[in-house]
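Below you will find the structure I want to go over with you.
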Amino acid sequence: MAKTSLNVALIGQGFMGRAHSNAWGQVGKFFDLPLMPVLHTACGRDAGKLSAFQKRWHWQNIATDFKQVIRNPEIDLIDVVVPNNMHKAIVLEALKAGKPVACEKPLSNSFDDARAMVQAARKAKQRTFVWYNYRRCPAVTLAHQLVREGRIGQVRHVRASYLQDWAMDASIPLAWRFDAKTAGTGSQGDLNAHVVDTVRFVTGEEVSEICGGIVETFVKQRKLMTGTASGGLSQGLKSSGKAGKVTVDDAVMFLARMSGGAVASFEATRMAAGNQNRNGFEINGTKGAVRFNFERMNELEYFDATEERKVQGWRTIIVTHGGDHPYAAAWWPDAHVIGYEHGFTNMAYDIVLALAGKKPTAPLPDFADAFVTQRVLQAMLICAKERRWVKVAQVK
Amino acid sequence: MAKTSLNVALIGQGFMGRAHSNAWGQVGKFFDLPLMPVLHTACGRDAGKLSAFQKRWHWQNIATDFKQVIRNPEIDLIDVVVPNNMHKAIVLEALKAGKPVACEKPLSNSFDDARAMVQAARKAKQRTFVWYNYRRCPAVTLAHQLVREGRIGQVRHVRASYLQDWAMDASIPLAWRFDAKTAGTGSQGDLNAHVVDTVRFVTGEEVSEICGGIVETFVKQRKLMTGTASGGLSQGLKSSGKAGKVTVDDAVMFLARMSGGAVASFEATRMAAGNQNRNGFEINGTKGAVRFNFERMNELEYFDATEERKVQGWRTIIVTHGGDHPYAAAWWPDAHVIGYEHGFTNMAYDIVLALAGKKPTAPLPDFADAFVTQRVLQAMLICAKERRWVKVAQVK
Amino acid sequence: MAKTSLNVALIGQGFMGRAHSNAWGQVGKFFDLPLMPVLHTACGRDAGKLSAFQKRWHWQNIATDFKQVIRNPEIDLIDVVVPNNMHKAIVLEALKAGKPVACEKPLSNSFDDARAMVQAARKAKQRTFVWYNYRRCPAVTLAHQLVREGRIGQVRHVRASYLQDWAMDASIPLAWRFDAKTAGTGSQGDLNAHVVDTVRFVTGEEVSEICGGIVETFVKQRKLMTGTASGGLSQGLKSSGKAGKVTVDDAVMFLARMSGGAVASFEATRMAAGNQNRNGFEINGTKGAVRFNFERMNELEYFDATEERKVQGWRTIIVTHGGDHPYAAAWWPDAHVIGYEHGFTNMAYDIVLALAGKKPTAPLPDFADAFVTQRVLQAMLICAKERRWVKVAQVK
Amino acid sequence: MAKTSLNVALIGQGFMGRAHSNAWGQVGKFFDLPLMPVLHTACGRDAGKLSAFQKRWHWQNIATDFKQVIRNPEIDLIDVVVPNNMHKAIVLEALKAGKPVACEKPLSNSFDDARAMVQAARKAKQRTFVWYNYRRCPAVTLAHQLVREGRIGQVRHVRASYLQDWAMDASIPLAWRFDAKTAGTGSQGDLNAHVVDTVRFVTGEEVSEICGGIVETFVKQRKLMTGTASGGLSQGLKSSGKAGKVTVDDAVMFLARMSGGAVASFEATRMAAGNQNRNGFEINGTKGAVRFNFERMNELEYFDATEERKVQGWRTIIVTHGGDHPYAAAWWPDAHVIGYEHGFTNMAYDIVLALAGKKPTAPLPDFADAFVTQRVLQAMLICAKERRWVKVAQVK
């Protein structure tokens, strides 16, 4: 008898643990699935918290030893949501055990770790997935489809940025997100990784050369933190009197040339007053253009330069029509809009499809694909540091 | 030992059954609750469909006899989502059994039925709730708070409308939504009821007099339907060759005076090309104004006429900041926006609070409150039919 | 030898005198004209002010006796911009003298006067024009064209309003605009007249029945004014200690049925906080919709319900493309936008075309046409006062 | 007796000749001026065209020899609107003759010429002006004021771009705008010069270092042109069969650090489909942010990060309120918006103020100031060509 369920083990229980638990719980309620995900085991180091986490999200089991969990023959998929300096150890263990892995983005903030993970995946010949969830925001998926269908012609211009402002407040203490040892980077891994992935996904092109770059930390010191964070990006953090050094970037920017001849600018920052979660892009081609801003995530703006001039204009497509728009049939009627968490649920749906041997709604990034993004980030850092142009292909 | 769970019975399994099941399932995952809702029993007439519904939404039990369900002593709350011509029978049974009731809006399309329900509730002295879910859309709740705090001063102008366009397609067959026998009304009960409730909620004022009204059916005949609908408003419906008469309205409009002296216009329609779910309002007072459109449900526009003229302007508030914006602390970080279904989950949260003896985030409409809305709709129909001004208080 | 110039006499020198002087001065600089307007004579009662007015706007002559001006054989066109309670006397004199007349809107606030003016025009067989300048706002003209071309199909819904907020300030004194003796009405003649004209122009349909209406004065008393106003709507006015009664409306609203079967709402107000000059409409038909707001006057929003569902959406057309958009060729390159005053200049262009026997860009309202608008306003007042439906055709 | 008029000579009669003629003609009608500009002499090489130009714009005299015009003792101001490769010769002559000069931007596309012009101005000790007209767009002027008042705190982020799309059409022939010999550059001088000037004006900071740059020509060949252009950017141009090489850029981009510590990106292009005249910026500081897009030139978006979090949001200021907004008192009532040409008229007003010894509304760029912009452009070109970071101060 064919297997009809998919036993998921979640390694990690932070902010992303919440988003993933929700996705695995919701996906079967809204989508018709070839395999039904089961919230089998949640694994974390803090046993006290873990019990509350289990109860809240309806995980069947909990465990504190990730190696045991990975070796459990009942588990079909290892979902990794720990801080990204810990990705490698877990992923390598899972691949060694012959299990498919879904890993949060970015693969790692260590380029060496990322490379090692890709090599392990290749060797293990296992399915891997990286949670670049914005690809599953229906408006972004639609942009990908429109570009692929040739509707905007050949791409000439890319402007992509992910702007937040939560770190503006200089009184926010030195939480792990400001510490290079745990977070690796600041806006680079957190936000810029998304921007690069999204541009690659939507344009179908690669970033070929970095033609300038800036890495900046505006608030160079913050008060040391007391206690631990509890959800959110910055809320509820308390600080002591002493100050420590911020060792990650607040903002990064770079210019690039794309493989198809387009010119591009990228930016990521946590310091752009007025922008709370402005993950957006504008891409102009020889026949039209697409424009997106996550703060209005249900809308894609599209300009068709080939239609009658008299009525040309940017049109705002509400990407919620079942049958015509990606993922929409699973949710609600027209313009009964969806939210942030739905991107994860849509991605869970596509992972299930892929594991069941079916075609996902749009390409899913595996480790090799995510490593290409990682290489762009690495090239950008070299460019900014060494003040020279860098060919991405030469970064190995 | 104090009870810590709340056993819910859902009567009905259609479109709203889906939204409510989701809400009862999600509320405990995102909110900290004094009572934990349990999806105890789903009740429906079609046993075949019911089993699939149970499985999908994780209801513990199913049943086809609503009276038995209501009498089950384990059940703490009766949630009614059947078509609204069936509300009365179930609600009266529940009240008779001494159970709190949460009923979908509008109370009824029969004014007499609605009155009977209010009287029964009063007699039973039970908690009742009516699912005017848009009150729980955080931007609408914030508008209510701002008006209550006096930020826009005394209200002078109300412009409120709920515009959809799905019924424009004349090939959509004669589904139950076009039939007065089952649906009672068209845009009136479906959309206009929301508009009236929202205006009452946000302004804190009552509609006192109807000063003109129009009821219109643009597509007077539709092909008869074969088979039954499956979700959505119009998708997947098939039609036969014969035509039947549309017996409900496509659009309604009315003018009114409010109890505080404001003048107001209301409109609801399924035929306004380009508007998929534009449930919106603009309210102007002596000190400022608020503006909302559900298609951008995470945003409230606010104009403060008392601030320095040099920088006056409509501001767009993204209503997602935990601590400052209603319901936001339960969800995601700033501008990680939420969607349609979250209004129901927010309402489930407030119902739980109310049943646990705590104060909900904002006033919950009970039957008596919902009946005031119903009286406005009734007055509006009299005005349109008899072509005369109607004082709402005189409609009994 | 054919006459190549058009000698204009302007009667009046207030706010509109400024807009018209500018239009007559600018039109020959931007448009290629069959007749060149000459600013021949400016006529006003205040000789002191008149001299400064002449100098500023380059009028060749000035005069204080309008009858003499009208009789001057050199004058080819009488342009009337006096307060509208004085329109009739001048217009009748001009028509008697056999001169074409361009008169500011509305024809009059006295329905009897308006009728008399139409009859005089008919008898005189002279060209008449009424300055409903918003017809010449290119986005409005384009809306007219799109509807006429059948692009939105049969009209079903009209929502039209002209919202201002300058009169909110209760400290503004009792200027002529608040006095029925001089202004006749408040928002009715000033704003609502525009709304009705625009809807008739864009839809090509007539308002056939009034189905409800409201006339409201929110600020019932104002301090008496000292001195006289100088430009603007409310700026620079000074008040004394005593209060007087406001005898005009602050706001008017009505519902209507259109000749083609559409249902419509109209509103005009000077009290809608946050709206400075929001002269706008949305018109939905069986095939699409158009939407406009003067505060973004260079943009027309258009929704095409017949195109591929996947990319349907409201598009924002910047109406500045020479060759494709009305009047645009005369002005600047794409999106080098134009302003309020250009509507008057565009209208001056069309008046010149009409007087030279050529076809204007879009229909120009003559007295008979403007009287139809006046009749709607009259019907609306009767409806609001007598609280009954009124057939417009029955108002004579 | 004090001189009360200002005799202007215009050298050039192209697109900009039109905008300037209009400005000099309009400024005295809308503003109260200490000196009244007189359109004294228009000077051009094509005598045939010149006569029509004179007639249309009401120039009192015409001439074909610019040296004679400059030497005419009646002339008070030389206004230069010829193609910018001809700026130097005229400007030097004017300065030698001891006349104030207003020169179109950029000073020159030759860095050497620009330097020579600055030196000549310094030596002549004459007033000079450069027509960076967007400084006089009221929303931009307001942004300058808000930043100067400290409302956005210390600047951290600058994103500035000028996007057009008219050159996308590959069938547009090889007009002078595509030829380095006459135009010097493409988007660089035409658009990027504006962007750099605007950022300097609004932030009050200088571009200190270029950290990356791209110069790109997408359409490398175009058909040779037959005949001459007549107004507009691309309309009415006809092409022959043969192709020639495009020798200017279509697009330029660069990254920079600002003197106050901000990081910045700049972009200018004629190839960004969907953007007709999107001259815009967003500037984020420690206390707030401002955002602008010329396509909605009457609006400035402003975010105040210091106000109550509950109602924080981007506000849209319609910059038309007399008394509170720059230049607004001269024009029309609130939200009776202005257009492209008004920026020139506002600048003419400020030039007149400056020549009369009064303070202009906001700083006017003289040659020395415009040369700073030119140096940034030069540094950017070096960076893009030599693929290295460039300190702007080191470009001499």
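Per-chain residue numbering starts at 1, and chain names A, B, C and D are given in the order in which the chains are listed.
We take it that a contact is a pair of C-beta atoms (placed from the backbone, for glycine too) under 8 Å apart; a residue touches a chain by one contact, two chains touch by 3 or more.
Since the model is a prediction, treat every value here as computed from it, not as a measurement.
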(message) I need the rotation angle between the copies chain A and chain D from a CA superposition, between 0 and 180°, in steps of 5.
(response) 180
(message) Taking each chain's centre as the mean of its CA atoms, which one is most distant from chain C?
(response) A
(request) Give, as an integer number of Å, the spacing between the C-alpha centres of chain D and chain A. (result) 42
(request) Round to the nearest whole Å and give the separation of the Cα centres of chain C and chain D. (result) 35
(message) Could you work out how far the Cα centre of chain B sits from that of chain D, in whole Å?
(response) 54
(request) Would you mind listing the residues of chain C that make contact with two or more other chains? (result) 314, 318, 323
(request) Flag every residue of chain D that touches chain B in the complex, lowest number first. (result) 142, 146, 302, 304, 309-318, 321, 323-325
(message) Quick check on the complex: what are the chain C residues that touch chain B?
(response) 152, 156-157, 159, 161, 165, 168, 210-214, 216, 218, 251, 253-255, 257, 261, 263, 265, 267, 269, 271-275, 282, 284-289, 291, 303, 305, 314, 383-384, 387-389
(request) Under the touch definition given earlier, write down the residues of chain D that touch chain C in their complex. (result) 21-22, 25, 28-29, 56-57, 164, 166, 232-233, 235, 276-278, 294-298, 318, 320, 322-323, 331-342
